[in-house]
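Going in written order, the chains are labelled A, B, C and D, and every chain counts its residues from 1.
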Amino acid sequence: MATSSTRGKAHRLLDPQRGGRVGRAIDLAIMTLILLSIVAIVLRTVDPVAARYGAVFTQFERVTVAMFTLEYLGRLWSITTAEKYRHPVTGRLKYAATPYMLIDLLAILPFYLGGVVDLRFIRVLRLLRIFRVMKVARYSNALRTIGTVLRKKRPDLVITVVVTSMLLVLTSSAMYYVEHAAQPEAFSSIPATFWWGFVTLTTVGYGDVFPITPLGQVLAGFSAFLGVGLFALPASILASGFIEEASEPNDEEWDYCPHCGEPLQNDRSH
Amino acid sequence: MATSSTRGKAHRLLDPQRGGRVGRAIDLAIMTLILLSIVAIVLRTVDPVAARYGAVFTQFERVTVAMFTLEYLGRLWSITTAEKYRHPVTGRLKYAATPYMLIDLLAILPFYLGGVVDLRFIRVLRLLRIFRVMKVARYSNALRTIGTVLRKKRPDLVITVVVTSMLLVLTSSAMYYVEHAAQPEAFSSIPATFWWGFVTLTTVGYGDVFPITPLGQVLAGFSAFLGVGLFALPASILASGFIEEASEPNDEEWDYCPHCGEPLQNDRSH
Amino acid sequence: MATSSTRGKAHRLLDPQRGGRVGRAIDLAIMTLILLSIVAIVLRTVDPVAARYGAVFTQFERVTVAMFTLEYLGRLWSITTAEKYRHPVTGRLKYAATPYMLIDLLAILPFYLGGVVDLRFIRVLRLLRIFRVMKVARYSNALRTIGTVLRKKRPDLVITVVVTSMLLVLTSSAMYYVEHAAQPEAFSSIPATFWWGFVTLTTVGYGDVFPITPLGQVLAGFSAFLGVGLFALPASILASGFIEEASEPNDEEWDYCPHCGEPLQNDRSH
Amino acid sequence: MATSSTRGKAHRLLDPQRGGRVGRAIDLAIMTLILLSIVAIVLRTVDPVAARYGAVFTQFERVTVAMFTLEYLGRLWSITTAEKYRHPVTGRLKYAATPYMLIDLLAILPFYLGGVVDLRFIRVLRLLRIFRVMKVARYSNALRTIGTVLRKKRPDLVITVVVTSMLLVLTSSAMYYVEHAAQPEAFSSIPATFWWGFVTLTTVGYGDVFPITPLGQVLAGFSAFLGVGLFALPASILASGFIEEASEPNDEEWDYCPHCGEPLQNDRSH
């Protein structure tokens, strides 16, 4: 009973919406820690900084990973208080498989596995919660509207992505056959030509690969025009979404999970 | 009579909308085959992969082309069941001239003609049907809306394309006269300068050709600004199209052909 | 009196809206000639083509310039029939100063002045009239809508252009002071740095000039972000324009000049 | 009393909205001076021009800085007439801390501090007032609408900027770990990789740094796609803002400060 009560308390405290003042303070502390650990990761890759403050960084890394591990385990331990994740084993596994928990796990696991890649920067995604935690109505409303629009227009956006991928395959395959003879190095295979396709359709245009035959240049020109046109689609789809949203009465579709306090991403699941 | 009945059955089976369960299964099988054959085409151009699995690819190519040929001939043979393509010769020729059938023909013909270019990747366009075949209402609705908007706004988009082409001619011709003396190689002729125009108006900017004279740079700057502005036009035109569409009652304009089950692209024709 | 009648007839014939069948035929002929002369100008700059068909091109150029001159003089001669340009001298000068006539003059003058630059490509702008002359309702409606939106939203677009120019001055001046010491060649002066500003704000990014100092790179990053943001403004302004236009009853604001048949560009003047 | 009256007059004269004809003339003169001084700053960096007219520029600089200083001091001296900045010391300090005054200070201070960087180009921002001062209703309306939309949609735009920054951190950190081994020079540290991230997410693509490993290229492709998608957000957010604004009755939210005549930027403060 006592344990269960401690667990319920822990669960509430790790939930900024229901943890009251202390819970909010813990959340802000965790977010500050995330921010600091990201700054540390970024700065550590600068050689002169690493040479001078290497020991400090190693120490700080140990501390932050320890805190993140504690928070992760705390969440996992106390989640059984929530109705949805009640079962001690399967409930916890289900909870561990939510995107938020997976990101948190990825952010600490490499440290224990002795990996050279520090993935804690992945946690940067959690910082987005700042807008909702800060209880600034205008910002959380805006965030909710953006979320609603993205969710309502997901089919349209998925179709745009699929069409763009098809255009990428079509245009890169054609370009390979056109340009391979003239530039066997740059356009060595279709998968290699995908790089050219990406760089052209997004209009980035690094300039490391580009067609030099007249036919290839005409093809590239058309691809770029189509690419620009395709990228007009999501902008206009989202625009119509925002306008529909503005003219509709707010039906509070986007909400917090009543059990664990995590934001519901769509269809009432995490 | 028996043949006619077999033909009607074949026609229905090759039509995912009317073929029932079996027809849908056939359609899914064909789409899987298309996907696999595209993967094969793409991977085969990678030298180490081709060296190792060359024989497998050759075998797989024969099988897929055989299946595509069978499907193509099956459609052509059974199409006379449809009211619109009733006549055994002219009906079939008319049907063979529809975009879908031309794409399918282009996708298999090079194999028989012994061409070195494998055009089966063209079939990637057919994969778009996945959204409609899967009967996921949200996706097929979204696809229909996009189609309706593109069709309704076609005049505006055509005008945008024409104006952009004019800008391309104007700007490239002017650039040729300005820059030819300074860079006779890169700006060797007006058609060659079109390449610069494409790369600049779409803001790709590979960096292989760019003006070096002050006048040429001013001209390039204005062209790029105009180009960016022009590309704001389709985005805004489509946005207004999506909003009009959302506020209008759905009048089911985009539909399947009642005869052959292919999607009607516009004005009730294929 | 007879001359005046001939002049009225000429004026009507050179006006596709009022010239009836013959007038429309003349207009189409002129447009075909414009198209052909542009093709000739473009092709002539290709050396092998010029070497082979040089004489043909010279001959064709003489013919087209002669025709354009005739048309230009015909318009100028007959314009006094129009109420607005009644006066034989000042009326004609006023008419000659309209954009359309200036373009036409620029397109033929270099030939007589023995200039090496062939400016007839400027006439490409006149080809836009094809949509209106062809009397295809959907296209001329779309063209009218685009014209109306561009005119109504002109103040917003002008402000966008002014703000962008200010950003260009600000960002290029700052970049000059930051980067001049490190790259005295590429960032030799503020006007020279404008080239970098153009290339960055439009996101073309040729790659011939870019900052290499950390401060310069931060500045360039912010400029590019601001640039992309600024270019979101015209798209959204035009989108709102198109939507307003679609929801308003058509008030036929954009029209032909009742006197000369040229399209009225804004405020009922040419 | 006399001084106070002189001060009130000075305050009114330096306020184009309330200074009447003389005030407007002064404002126009100042703006012309700003424009000329910017032209001088820009031209002076061109070596041949500086070599020839160096003395003229030095003289002109002294004159303009003197005038700007006078205007700055005049504003600071007379501001106590305004209710809001009444207190001779704290009122003036508060006024000096407004963005407009800070810009003006930055524009003249380097001259007195003997700095080599001429920051007067910062004053280019003040030229935006031309639209409002000129009393051209259409332009000041458009400017007010743009201001209102930007203010109303600020939360959405801030979220977009935050999300983009997160994407920059995520994508650059990941790219560093992927590409560092292959290109230790270009991707030397995460902060250095931010440069690549900026150049890619904005689709500028100078071409000085780009991934060469397949994994890095896939990552770059996804980043660019996400970047393009993210930049569709502000365009669509602003579009919905303009449309809401157009359909709402004008409630005159954006106005001049009743005390000092400076435009109120938001929430009735400068």
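One rule holds for everything that comes next: contacts are C-beta pairs under 8 Å (C-beta built on N, C-alpha and C of every residue); 3 or more make two chains touch, one makes a residue touch a chain.
Remember, it's a predicted structure, so these values are computed and weren't measured experimentally.
Trainee: Using mean Cα positions as chain centres, tell me which chain lies farthest from subunit D.
Mentor: With centres defined by C-alpha atoms, farthest from subunit D sits B.
Trainee: Over half of the interface residue numbers used by both subunit A and subunit C, so same, or under half, so different?
Mentor: Since more than half of the residue numbers are used by both chains, the interface counts as same.
Trainee: Go ahead and note the Å separation of the Cα centroids belonging to subunit B and subunit C.
Mentor: That gives a centre separation of 32 Å.
Trainee: Taking the mean of the C-alpha atoms as each chain's centre, how many Å separate subunit A from subunit C?
Mentor: Computed from C-alpha means, the inter-chain centre distance equals 45 Å.
Trainee: What residues in subunit C touch two or more of the other chains?
Mentor: Residues 191, 203-207, 235-237, 239, 243 of subunit C each touch two or more of the other chains.
Trainee: If you look only at subunit C, which of its residues touch subunit D in the complex?
Mentor: 155-156, 158-159, 162-163, 166, 169-170, 173-174, 176-177, 180, 188-192, 200, 203-207, 210, 214, 217, 220-221, 224-225, 227-229, 232-233, 235-237, 239-240, 243-244
Trainee: Across the complex, what residues on subunit D touch subunit C?
Mentor: So the residues of subunit D in touch with subunit C come to 38, 41-43, 45-47, 117-118, 121-122, 124-125, 127-128, 131, 138-139, 141-143, 145-146, 161, 164, 191, 194-195, 198-199, 202-208, 231, 234-239, 241-243, 245-246.
Trainee: Looking at the complex, which residues from subunit B come into contact with subunit D?
Mentor: Going through subunit B, the ones touching subunit D are 203-207, 235-236, 239, 243.
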